[in-house]
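Same chain, two partners: chain A is paired with chain B first, then with chain C.
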Partner chain A sequence: MLFASYGFILFIGLLFIAYYSIPKKYQWQLLLGASYLFYYFSGPENLLYISLTTLSTYAAAVKISEMHRVQAQHLASHGDEMSREEKKAYKALTKSGQRRWLLACLILNFGVLAVTKYSNFAIVNINWALETLGSGARVSFLQLALPMGISFYTFKTMSYIIDVYRGRYPAERNPFKLALFTSFFPQLVQGPISRFDSLSRTLFEQHSFDGRNVSRGLQRILWGFFKKVVLADRMLMAVNTIIRNPDTYQGIFVFIGMLFYAYQLYADFTGGIDITIGTAEVLGIKVEENFKRPYFSKSTAEYWRRWHITMGTWFKDYLFYPLSVSGPMLKFSRYSRQKLGDGLGKRLPVYVSTIIVWFTTGLWHGASWNFIVWGLLNGAVIIVSMECQPLYDWFHGRFNVKDSFWFRLFQVVRTILLMSAIRMFDCYRDVPLTFRMLGTMFTRFNIGALSLEALLGLGLGLPDYAVLLLGLAALVWVSLVQRSGSVRDKLAGKPFVLRYAAYYVLIVSILVFGAYGIGYDASQFIYNQF
Partner chain B sequence: METLLQILKDLHPDVDFETCDTLVDSGILDSFDIITLIAEISSEFDVNIPAEEIMPDNFNSAEALYALIKRLSDED
Partner chain C sequence: MARKRILTALITIALTASSLYILERLLMPKYVSAIVEGSLVEEYYSEDKNHDVIFIGDCEVYESFSPITLWEHYGITSYIRGSAQQLIWQSYYLLEETLKYEKPEVVVFNVLAMKYDQPQKETYNRMALDGMRMSLSKIRSIRASMMEDEKFIEYIFPLLRYHSRWSELTVEDFRYMFRKDKLFHNGYYMRVDIRPVQTVPKGRKLADYRFGERAYYYLDRMVELCKENDIELVLIKAPSLYPYWYDEWEAQMEEYAARHGLLYINFLELVDEVGIDFSKDTYDAGLHLNVTGAEKMSIYFGKILRDTYRLKDRRSDPELSRLWQQKAEFYYAMKESQYRELEEYGYLKSLGARPPESVAAE
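== the complex of A and B ==
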């Protein structure tokens, strides 16, 4: 089922009525039923995958949690009689049992993700290697459909099992509650990748009808729809024209395409998250924010703390930290400091972890070399900027511009351009073509080719450009206002007429200016494919 | 504690680590700092801080971090 469809609106409407009509203690069960129904609409076979993930994670987490409990009980009753060594050995034994369950769960679930998402990518590369070696043998492709949202729900459940293993919280004893956490339908399409402890606080609570929550949720959904169907889907036409005709659109048009795609992706992804958070809010459930005005970031590292936040923190908590503090990495750290001294020697292990994390982040986004190169370039930019820190310090010591508006604006624009250029690897069909097209921005920029006629040839008319410009102004204005608090709170303080005029404009825009109209499956949310 | 304060000072000379108790919450220590810090602590105190102990509560102040080091070395 598409988010931006009449079917989804009907689904939410019916769920909303039922949710606030039934006894509150059954609300979460209703949500579980609705989530599985939503998932069923995306393809009944997908239910098998999500059920397997839920059941395996449930069983492993309960087992690990039980070991924590038995250990705590044993140490409480026999701890005084045990020597320090005995305690240590006892804890080590428990840990090793827990680790076996954790590893089994991780291997099974990441294995399912790997097989469904990466098999054919691996086969393409194996076949390429066979061809290069002159062998006539070929491996056949697997006919496996990628279950919707598998990257998102696998990451959600794996964070849960790791947290239980780490003793952050006990395992959920009710398998149906874990099933709801895994399948909560607003998050299935494109996240956010919630953690069990924060989402479960409101997911399983009983919710009374609250007019303010409902109104705020609906406003957020409306804003999300506007961004998706009026702005993102409209911009898609021009982006597609540029990237699908690389022989025609080079130089200045690659630059234009780069900016257009930055606009489209932002409107698409944040619009989807607005619909997710708004839908949850209507049901009284709080889902964390996934974006904090990322295009206002002054550096790449800052950008990644503000864009797709829950993915960034997932990789930080469950890959970057464990990898960086692992025994081999600490050994490598000591070795590199001995050999390279306290400067680069200290930083090198951090850089190695950074590259591994960004390689994985790229792979998570998609099974192709484009995404791997995209990830590695992000890592490279972060490392280069860390290496340039002494240069920045020298510059700021000499020129007092750090807090000036123009310098900050320069940093913001630089970050947007850099991120947008790297993001072109999402667009073109392969890595060499992307490099070639990015190269044309330097070798044949040809600003003279940019004319009104050429812009109109991208598939957008003057009214489309007017809508997109007004939309851009609205996006920038909302981001600026958000810096001092919630836009919806501010809107709530405005006169009745003004508020309803704003809602009216949004609804009419969606209905009149929706690029394809609601429900036309022209473009799924971009992040849905991840 | 002196050794720990020196390690922290080397990382960010301009921060008053004796009083600040929002090192992570206010963004003074980022993930790269934390990893560098853990590597330093590992070699200076011979204590390995596992990933599960990397949470804001343990890194928000020098005092909290020192308490963590003490706890982990007692457990060792």
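== the complex of A and C ==
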């Protein structure tokens, strides 16, 4: 079921009525049923995958948690009688048992993700290798559909099992509650990748109808629909025209396409997250933010702290840190410091971890070399900027521009352009073509080719451009206002007529200017594919 | 306090709903120029509803019969509930709806629609359904007609379908938001221009000549509906040269009519008898009849209707006479206006839409 569909609106409408009509103690059960129903609409067979992930995670987490409990109990009753070495040995034994359960769970669930998402990508590469080696043998492709949101729910459950393993919180004893955490429908499409401890706080609570919450949630949903249906789906037409016709649209048009895609992706992804958070809010559930005005970032590292925040923190907490303190990495760290000294020798292991994390991030986004190269380039930019830090320090010592508006604007624009350029690997069909197209921005920029006629040839009319420009102004304005607090809070303090006018304009804009219905391709959220 | 809040909420809802309705009216296609056929269905509601004969079907009915001629020659009151490429289930539900307003003596159905067993095109669906008033018949017709990519809710709230017209609005959209001028003559779409038949197209071979089950299902229901309401159902095939009418189709219709005791007339076989001259009586080389063709057809068919079903001559009713006199004036004013247009431009520039002169004549 698409978020931007009549079916979804009907679905949340009915759920909303039922949710606040039934006894509160059954609310979470209703949500579980609704989430599975929502998932059922994406393909009944997908229920098998999500159920398998939930059950395996449940079993492993309960087992690991039980070992924590037995260990704590044992140490509490026999700790005084045990020597330090005996305690250490006992803990190591427990840890080893827990690790086996953790590994089994990780292998099984990442295995499901790997088979459904990456097997055909692997086969493409195997076949390429066989062909290069002159072998006539070929591996057949698997006929497996990618279950909707598998990357998101797999990451959610894996963070849960790792946290239980680390002893951050005990395992959830009710398998149905874990099933709801895994399948909570607003998050199934494109995240955020919530952590069990923060989401479960409100997910399983009993919620009374709160007009303010519901109203705020609806406002957020409306804003999300506006971004998705009016802006992103309209921009999609121009972006598709440019990227699907690389022979026609080069140079300046690649640049235009790059900016258009930056606009589209932002409106699409943040719009989807607004709908997710708004839907949860209507039901009284708090879901964390996933964006913090990312296009105002002054560096790549800052950008990634503000864009798809929950994914970034997931990789940081569950891959970067464990990798950095892992045995082999510590050994490598010692070796590199011996060979390269305290400067580069200290930084090199961090860079290796960064590259591994970004390679994985790229792979998580999609099973193709485009995404891998996209990830590696992000890592490379971060490493280069870290290496250039002395240069920046020298520059700022020499010129006092750090706090000037224009320099900050330069940094923001530079970050947007850099991120947008790298993001073009999402768009073109393969890596060489993307490099070739990016190259034409330098070799055949040809600004003279950019005319009104050419812009109109991208599938958008003048009124569409007007809508997009006004939409851009609205996005910038909202982001600027957000710097000093929530727009909804500010709006709530305004007179009724003004508030009504704001909602009315938003509703009418979506209904009238929305790129939906016959004549428009109903499009999935871009992140739905990940 | 609570009362004030309820009142505010009610006013807000009313304001929102009414402004959205206005928006919807603005954005819906008006069909008052170029493609006027989209206005055919809705015009019925503003007419008197006291007809002896109701015609239902596609363009072959609303171009082949002139109710004014039927009145003037036989005193028969009639209305054509036609629309472009009207599918048989749409005809059925239009008839079902019509019977809620009036009980005619005779219903005439053009059988070309039997060739379609599935919905064909959204544009034609819209022309048949958007003009219908909300009713169970309309809902059923929508459900039967929708193409795969169409959404039911977009028929109930057409704003959701036509919202993208915001960038192509014209003065016409504002002018005809709530009121349209009369365009047709009891459902007859007048065209006086002539485009003679040059060649008679041959039908290409079909894999299967049998009409579909769905088409028969609705024809059966139509027969049933007429029986229940004590209405005579007449099946006709208008004398259009294409789409090609196959002998196999003809045989099936003849067999069906005989089996159900219905009168079936294939006017393609009566072209000479009716006096149709395809060098003068069609405006698009044989696809549709023009006004002279329609008048000839009406004179011929009116006699059959009168004689077979003993329809009364109602010209002696003073009130009806007055009403039909007004209709006739509009009819002749438009005819004259179209001839003038032909003379001035050499072709029918308005495509049968209402020229300004005819408004004055109404």
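Here, the second predicted complex is superposed on the first by the 525 of 530 C-alpha atoms of A that agree within 3 Å, B and C clash if a C-alpha of one lies under 4 Å from a C-alpha of the other, contacts with A are read in each partner's own complex, and residues count from 1 in each chain.
Here is the rule we go by: contacts are C-beta pairs under 8 Å (C-beta built on N, C-alpha and C of every residue); 3 or more make two chains touch, one makes a residue touch a chain.
Computed from a predicted model, the values in this text were never measured in an experiment.
Asker: After the superposition on A, what does A:Ser353 contact: first (chain B), second (chain C), both or neither?
Answerer: A:Ser353: touches chain B, not chain C.
Asker: Just chain B (first), just chain C (second), both, or neither: which does A:Pro175 touch?
Answerer: Neither chain B nor chain C is touched by A:Pro175.
Asker: Classify the contacts of A:Ser324 with the two partner chains as first (chain B alone), second (chain C alone), both, or neither.
Answerer: In the superposed model, A:Ser324 contacts chain B only, not chain C.
Asker: Should A:Gly33 be classified as contacting the first partner (chain B), the second (chain C), both, or neither?
Answerer: neither
Asker: In the overlay, answer first, second, both or neither for which of chain B and chain C A:Gly345 touches.
Answerer: In the superposition, A:Gly345 contacts neither chain B nor chain C.
Asker: Contact-wise, after the overlay, does A:Gly459 reach chain B, chain C, both or neither (first, second, both, neither)?
Answerer: Neither partner.
Asker: Based on the superposed arrangement, let me know which partner A:Gly97 touches: chain B (first), chain C (second), both, or neither?
Answerer: neither
Asker: Go through the superposed model and pick first if A:Tyr6 touches only chain B, second if only chain C, both, or neither.
Answerer: Once the two structures are laid over each other on A, A:Tyr6 reaches chain C alone.
Asker: Figure out whether A:Arg334 sits in contact with chain B (first) or chain C (second), or with both, or with neither.
Answerer: Once the two structures are laid over each other on A, A:Arg334 reaches chain B alone.
Asker: Common interface residues of chain A with chain B and chain C?
Answerer: No residue of chain A touches both chain B and chain C.
Asker: Per the contact definition, I'd like the list of chain A residues that touch chain B in the complex.
Answerer: 88, 166-168, 301, 316-317, 320-322, 324-325, 327, 330, 333-334, 337, 346-347, 349-350, 353, 386
Asker: Going by the contact rule set out above, which residues of chain A touch chain C in the complex?
Answerer: For chain A paired with chain C, touching residues are 6, 461, 463-464, 496, 500, 504, 507-508, 511-520.
Asker: Taking the complex as given, what residues does chain B use to touch chain A?
Answerer: Against chain A, chain B makes touches at 30-32, 34-36, 38-39, 42-43, 48-52, 54, 75-76.
Asker: Of all residues in chain C, which touch chain A in the complex?
Answerer: Residue positions touching the partner: 8, 12, 16, 19-20, 23, 27, 122, 149-151, 153-154, 159-161, 163-164, 166-167.
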